[in-house]
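Below, each structure is written out as structure tokens.
Next, two complexes with chain A in common: one pairs it with chain B, the other with chain C.
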Partner chain A sequence: MGYKAKFRVWRGEGGEGKLEDFTVEVNEGEVVLDVIHRLQATQAPDLAVRWNCKAGKCGSCSMEINGKPRLGCMTRMSTFSEDETITVTPLRTFPVIKDLVTDVSFNYQKAREIPSFTPPADVKPGEFRMQQVDVERSQEFRKCIECFMCQNVCHVIRDHEENKPNFAGPRYLMRIAELDMHPYDVAERKESAQEAHGLGYCNITKCCTEVCPEHIKITDNALIPMKERVVDRKYDPLVWLGSKIFKRQR
Partner chain B sequence: MTQTTAESTARKQRAQIRVRTLRTDRWWLAPAFTFAGLLLFLIYGVWATFDGSYFSNPYIAPFASPCLATSCPEGAQLFGFTPFGDWYQLPPGILILGLPGGFRLTCYYYRKAYYRSFWLSPPACAVAEPHGRYTGETRLPLILQNIHRYFFYFAVFIALVLAYDAGLALVNKPAGLGTWILIVNAVLILCYTFGCHSCRHITAGRLNHFSKHPLRYKAWTFVSKLNAKHQRYAWASLFSVMLADLYVRLVAKGVINFPFA
Partner chain C sequence: MERHEYDVVVIGAGGAGLRAAIEARQQGKRTAIVCKSLFGKAHTVMAEGGAAAAMGNVNPNDNWMVHFRDTMRGGKFLNNWRMAELHAKEAPDRVWELEAWGALFDRTKDGKISQRNFGGHEYPRLAHVGDRTGLELIRTLQQRVVALQQEDEKLHGDPEAYIKVFAECTITRLLKDGDAIAGAFGYWRETGDFIVFDAPAVVLATGGIGKSYVVTSNSWEYTGDGHALALLAGAKLINMEFIQFHPTGMVWPPSVRGILVTESVRGDGGVLRNSEGRRFMFDYIPEVFKDKYATTEEEADRWYTDQANNRRPPELLPRDEVARAINAEVKAGRGSPQGGVYLDVSTRLPAEEIIKRLPSMHHQFKELADVDITKEPMQVGPTCHYIMGGVEVDADTGAASVPGLFAAGEVSGGMHGSNRLGGNSLSDLLVFGRRAGAGAAAYVDSLAKRPTVTGVEEARAEALAPLERTGGENPYEVHHELQRTMNDLVGIIRKAEEITEALQVIEKLKERAKNCASSGSRIYNPGWHLALDLRNMLLVSECVAKAALMREESRGGHTRDDFPGMSAEWRRKLLVCSASPDGTSITVEEKIQPSMRSDLIRLFERAELEKYLTEEELAEYDAAVKES
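Up next is the complex of A and B:
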């Protein structure tokens, strides 16, 4: 059965703007993005919102709903009470282009800063042989849909704009971990993860994991293992000694 | 690279919402409970360290085990090993508490817990932290969190000693309630210790070729299962060690004196 819901939606360009109140019809089975579209269709034709698949797989409709980073298309209206006012804002960590649409180019810049997969020079394409157990670990990270909600919620840059140049964010630290764990990747990743991409800024408060719509265990399976690998390389004298004595590759 | 400040042009391009958070749920509840739980443990720990009633044959309070001072009663000593001479007169717990304490302090789960609840960095997801500047674990003192794996090695030793204490109590007083409290505590401590992220890394996490090390991979799989419940074991073992310790002290003081105590 339909009802009239109270919505507060951020309207504005650049950083300037305000929360505007709307009363809008909601029907059974709808999600927040459906209601935003109804707002566009009936009351605010110039309301800007980025969306694409409506199936939680493209990562386009990331927004903050009642203060929490969520995918608009995956947030069911039935999770709210009918008398609740639902506040919808753009992602708070990135510059606003218009209304709910933010400029997420920070993330593309960070992606470009990570050296791509680097196989050994003597292994030719077609010669790669990997066992399933070796593939599985990094496959979890490839579920990422790049909604950038983990980047948005991470307090290192959300609350401290000044850290943006030095911190890649959970999504790209996870990418570094994925490559470092790859059996055929030979590029140096540990030192650069700490020094160039800011792994040390992460204080593992797990918000990235909490908001991930793909339920990737970013902190437990990528960031902490990467921190431990950095400890091997930079802070553990026993590992250093072992590598010297047994001529082990670190 | 361009450095920006909190009030920079880039910052002003974000939605200028002047409230700390727009969350409407009770986000403060989890950090409040965490704060209370950890504070309770700290207060109890300080009291227990200086409390002298830590042994009631065959039970030894976990906070005082292994008892390494010469002042320890004979039954409380670990194989009679007392490396500290007669000069040491302080409570014996002080000698070892830094090891499990350091293990928990640098534990990846507890770091999350106290960064959120004590340092409010951040208090909850999407809730602004109150600090003007943030450097994380990039410099002293927090860069020292990287020594966690060394505390893990010591914690394994302590966990095994607690398991030995529980085993000894089982041999000497199998029907004692204290025995079973110590056993449950030892199991929880072992699950917490071996579910540690450093343990997971050491077993096989550091490898890129699981397939070349099937035994280590099996160990990693087992540790990963414990690790998935690390938070649960962290809290369960925190309370179990506190309760087991209190129980033994109450028996030693004669407060608890029923026949199967």
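Up next is the complex of A and C:
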């Protein structure tokens, strides 16, 4: 049942490194993360990799496998042929700390830039009443496990370091959409999505949706509807007229 | 060396840790959250079923007293009754509070939070989001921390002025000033550099110990860090012999063996069958639960739609009962090809309903096992899931016996007695996380002066030791042997000879662990980290084995082949573990548990109590009833 697989794993720290070749045992039913763990236990005890749940629920073991962003724990070895060399590298968009571990603090910064859920001041805990159909849209986005693969693959920042300060990335633009679609959120989300968080940079190539391990339709259900809401606000002549006449700021 | 001064340091960023930190910060304390993983990745994300809270949204007959009774029954009356009381009373407020912080639970038709059935709970009680409730909980608490940081940025110009997360940072020692807590020592995973926290109060919220077992639903972080830190600081652990083996872990493929299959599968209609197709749980209804569970398939199936006139299906017995039943079926040769039994929902619900109610399970089996649960049954078997034992704490404040030390969530002991009900973990960590945060804040206020840390040099030397050795033991091998030993000899069914053998192996492993060497640099070096974690896993394993050897009865998460019955005498006794002054060995002592307060014990019928209590305790009960 078992066989010897050829692995090329990026190894290095402090901005330097190279691909290292390994031959390693693989058993039936294993995933890439199992093989990385076997390398640690038998050949490279200090090989750095992030992981937690090993069940596709925590989003820690994001890596690039043969150039594609994947969760190591959800990539079954049976999807490769036995003679194929499997190349494992760290996420490209973020600085490497060591081996397969990258510095993802960019994402935590962006998370802090999005104003939090803002319910009306007079609704007390226990008083929220929402219909299932009204929460389902936001619930889809809350399936996000923050693996940051959508952030990693988004071309706005993957090859453009200079865009990072002005662009929240798909994960956090989706967070804005989630809040905007929350039945009780009263904060202004649309203008700031465009002005402060870079929604306009997104040109809906759907790379984020394609890599999402939770199969969230980030582009179709979060980003495009959000863009439409922004357009409604900005260019709807009635809204424009209303805002002039009634001095509405939103 | 990097140093930070805080009022409260919370170790662990799962549900309990985050809720404790939020409370401490809301009470104006400068709070640090220190966690081994990235922020938002803690093991709480794995919780699937829901948070138990008697809100009565689905069945208005539910209230805290019913929840209290269910919890005590589930724990076979060994629970700290004050904790069970506080938990049942406060859980609804804690769940509603999450909603005000942005959580989006599934809804009832009238727009309230929906509640689902679960093993051991008399009414539908679990607030949930499909089968990813833990993720919702952790994300909501994470976002609440961010909201507080945004507030602090507005008020003080610094988002981290009052609450800061130290992610991928591992604490290896608590530091003391005389008898009291003074801070904590640890290392950054990213750089290997050391860090010292000066803080009068430390809240342990480090979760469980599952990584001492081979087959476990727990992630790599569950190495018993908080349990060991508490022991080494002079605190005591109780109930360490009680470990919950969740009845339904995946059994195939081997690499995912142990990963959880949520109890909601059974709550929503899934049934257990053996290789002969028999729905075997009807054969395993224990005496103490006889009148509460259906005895025929017809009645059990009617219960899903008419709960008032039918008894519950036996698949929903407490977890310890179901785990033992599965174990017995497999041992009797009626298991599935890969050594489990069948859990089938495919013939019970329409495919689209399964995908809607159990999306994560559908996804997990499809991706990891190539099994479509809408078309075929799953193969499942018991997996090490949760430790009921932990730091002995004051129920109201979470305070341990060491001044300044607090604990909440899985690392604390008492709340769940000998067996935890599903759904009571998420509510536990909210209720007692908040209480420990408040307890720590009040303790800090009570101090006349801040303590001064001692022992930094010793902690530093201990942490560096594996890197300075060459040619020593491979920590991965020592770990693997420990896991096998605990799994095989102190697992779901135990006997004296095997536990004794396990203790001998643990002694040898302790020697080998002292000699572990880690190659490579200090930067993100998992071999080094494991060598340090081994100390904790070994200490905790010794507690489990020693307490398991001492308790000569079977109760909840502790089953002795050589003492199969429950004993009323043993029910009154807690086993208390403490470490020798040099931290190298464990002693276990018996302690009598205080009797239940009379208004609480009167919530039960005498006939039920007779199954658990001694004659002496029953006399106390009779007196209490008479007096009222």
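In this text, the second predicted complex is superposed on the first by the 236 of 250 C-alpha atoms of A that agree within 3 Å, B and C clash if a C-alpha of one lies under 4 Å from a C-alpha of the other, contacts with A are read in each partner's own complex, and residues count from 1 in each chain.
Here is the rule we use: a residue touches a chain if its C-beta (ideal position, glycine included) is under 8 Å from a C-beta of that chain, and two chains touch if they have at least 3 such contacts.
What you are looking at is a predicted structure, and each value in this text was computed from that prediction instead of being measured.
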Superposition on chain A - do chain B and chain C clash or fit: fit
Touched partner set for A:Q43, first chain B, second chain C, both or neither: neither
After the two structures are overlaid on chain A, angle v-u-w for chain B, chain A, chain C in degrees (C-alpha centres, nearest 10): 140
Which of chain B and chain C A:Q131 touches, first, second, both or neither: both
Partner chain(s) touched by A:K54 [first = chain B, second = chain C, both, neither]: second
Which superposed partner A:E162 touches (first chain B, second chain C, both, neither): first
After fitting on chain A: smallest Cα gap, chain B-chain C, Å: 10
Residues of chain A that lie at the interface with chain B and also at the interface with chain C: 14, 103, 131, 182
Parts of chain B lying in touch with chain A, wherever the complex brings them together: 1-6, 8, 10-17, 21-25, 108, 111-112, 115-116, 121-122, 125-129, 131, 133-138, 142-143, 146-149, 197-198, 200-201, 205-206, 208-211, 217, 227-228
Interface residues, chain A side, partner chain B - complex: 10, 12, 14-17, 19, 64, 66-69, 84, 87, 89-90, 92-96, 103, 131, 133-134, 137, 153, 155-156, 158-166, 180-183, 185, 198, 200-207, 210-211, 220, 224-225, 227-232, 234-236
Residues of chain A defined as touching chain C within the complex: 13-14, 27-31, 34, 40-42, 45-60, 74, 76, 97-99, 101, 103-104, 108, 111-112, 115-117, 119, 123-126, 128-132, 135, 138-139, 142-146, 179, 182, 215
Interfacial residue positions of chain C with respect to chain A in the complex: 37-43, 45-46, 92-93, 96-97, 99-102, 104, 106-107, 110-112, 114, 129-130, 132, 135-136, 139, 143-144, 146-147, 149-150, 159, 190, 219-221, 252-256, 259-260, 360, 363-364, 367-369, 474-477, 480, 518-521, 523-528
